[in-house]
């Protein structure tokens, strides 16, 4: 075998199959599947012998080919009925057709690439760092921040007006405590953005302490309070 | 503004920029309120460059205009510009790009189905080279990323816009049949 | 080489280069053995540019030649240059930047808590534009990245240092409470 001729780089199993079909001048819609499978497997063996790295996709295609071959060899069940038996090669042919189109498209792009490589725009003018400016003033920055803070406050206020009850907060605190021996006082209050929410949380906590469902402990004077 | 003046300003702007400038951008900078006037002036300039048999040409690429050297003088420019990286796209990159160009927006899975091989590496390279961009996510389980071609893609291949992709016309009728 | 061809090559070279090119350099690149021939061609090109009343001119500066825009059009070129070197910030970028400016060092989570939306994309943009820098990692589980404003940020907003950021009366109590 003239290995040198065969040593080409294939983009994938479909590329290799197309190559085999072209080389043997076969009809894509009437592939002699036994022949092409043997040919394909020879290539795989050959790649192996050369220790060439090839992707697993080549093996997947090999098993697909063998599967199609076995189906063509079996007497078709459908023939008993009047229906036209489906050609097991049809799907493969469709895939090959589509792949071939894009292969062609790629070669047209390649031509354009070659033309375009010979056309030069100007070398870019590299701007000096100090030439860069920004389309915003300090005032815009302050303004954005103030508006945002205002917006956030309003949103939170609207949420509170919806309904935040002490009972709900109690449940939330108990959820927080679940599977934990203690949590820090601050943890319970973190995320409480408004006074109203802080008060509700505090009331909930007092209620829990009254019910002796939780205990407040302070390890050191002015240290963290643990619940 | 007079037409001659418009043309001169446009020449200056196109000369200065190393990227294509759109009609909209040119119009905005020149402070006129008529795209057609700009377009007419650009096209006049383009014709003038052709007629006077210049070493330069006014190209219509990537939805804009740019002054570039003509192909036949590339050899001399390359000599001046020794630092030029001779970067060329691999065949797998070109195949992947043509699938994206024609089928965009398209997922990695769809590309892999057509090419029959893994596309993650080549997609990363194309994204790095900014020839491909992420155009969104498909409304499917896993929300796969959708890929499309970029402005740089058009520039790289010297295309005016996507409709100019020569391959589209050839593939379209076949794809449906 | 024919004179017309020499002129075209020189036009390409002068157009492409970002520096003036000397007669010697041009002669060397074009592989001719006569400086006079080059000089003649350059001067012809120069005259042609003048005659056709172009927006561009071939200038003889710093012992070399360069294609430049004509003075009377400098205003427009400056405008384009300014447009190309000016960042436009979206509202979300501006808001995020203001949070970072006032609350730095700040984590992404903290920014998102204030704005109520994902901040990863806008942070990446601000980092790319070098308005924001990574100033460290917070001593918290997961060691989240801390963001702060950059040196460029100060320059863009005309500030000497961070202490010059105006204090917002309304913000202070909010920030501590």
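Note that the chains take the letters A, B and C in the order they are written out, and that residue 1 is the start of every chain.
Please note the rule applied: a residue touches a chain if its C-beta (ideal position, glycine included) is under 8 Å from a C-beta of that chain, and two chains touch if they have at least 3 such contacts.
In this text the structure is predicted, and so the values were computed from the model without any measurement.
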Report the chain whose mean Cα position is at the greatest distance from that of subunit C.
A
Most centrally placed chain - per-chain CA mean versus overall CA mean
B
Distance between the CA centroids of subunit A and subunit B (whole Å) is 27
Distance from the CA centroid of subunit B to that of subunit C, rounded to the nearest Å?
22
In whole angstrom, how far does the Cα centroid of subunit A sit from the Cα centroid of subunit C?
33
Which subunit B residues reach two or more other chains?
15-17, 67, 69-70, 77, 81
If a residue has to touch 2 or more other chains to count, which residues of subunit A qualify?
120, 122-123, 125
Seen from subunit A, its contact residues with subunit B in the complex are 9, 11-15, 55, 57, 61, 95, 97-99, 101-110, 112-113, 115-125
In the complex, subunit B residues that touch subunit C
4, 7-13, 15-17, 21, 25, 29-30, 52-56, 67, 69-70, 73, 76-77, 79-81
Using the touch rule from the top, collect the residues of subunit C that touch subunit A in their complex.
12, 15-18, 81-82, 84-89, 91, 94-95, 97-99, 101-102, 113-116, 131, 152, 155-159, 165-166, 168, 170-171, 174
Okay, in this complex, where on subunit A does subunit C touch?
120, 122-123, 125, 127, 129-138, 140-142, 144-146, 148-149, 152-153, 155, 191
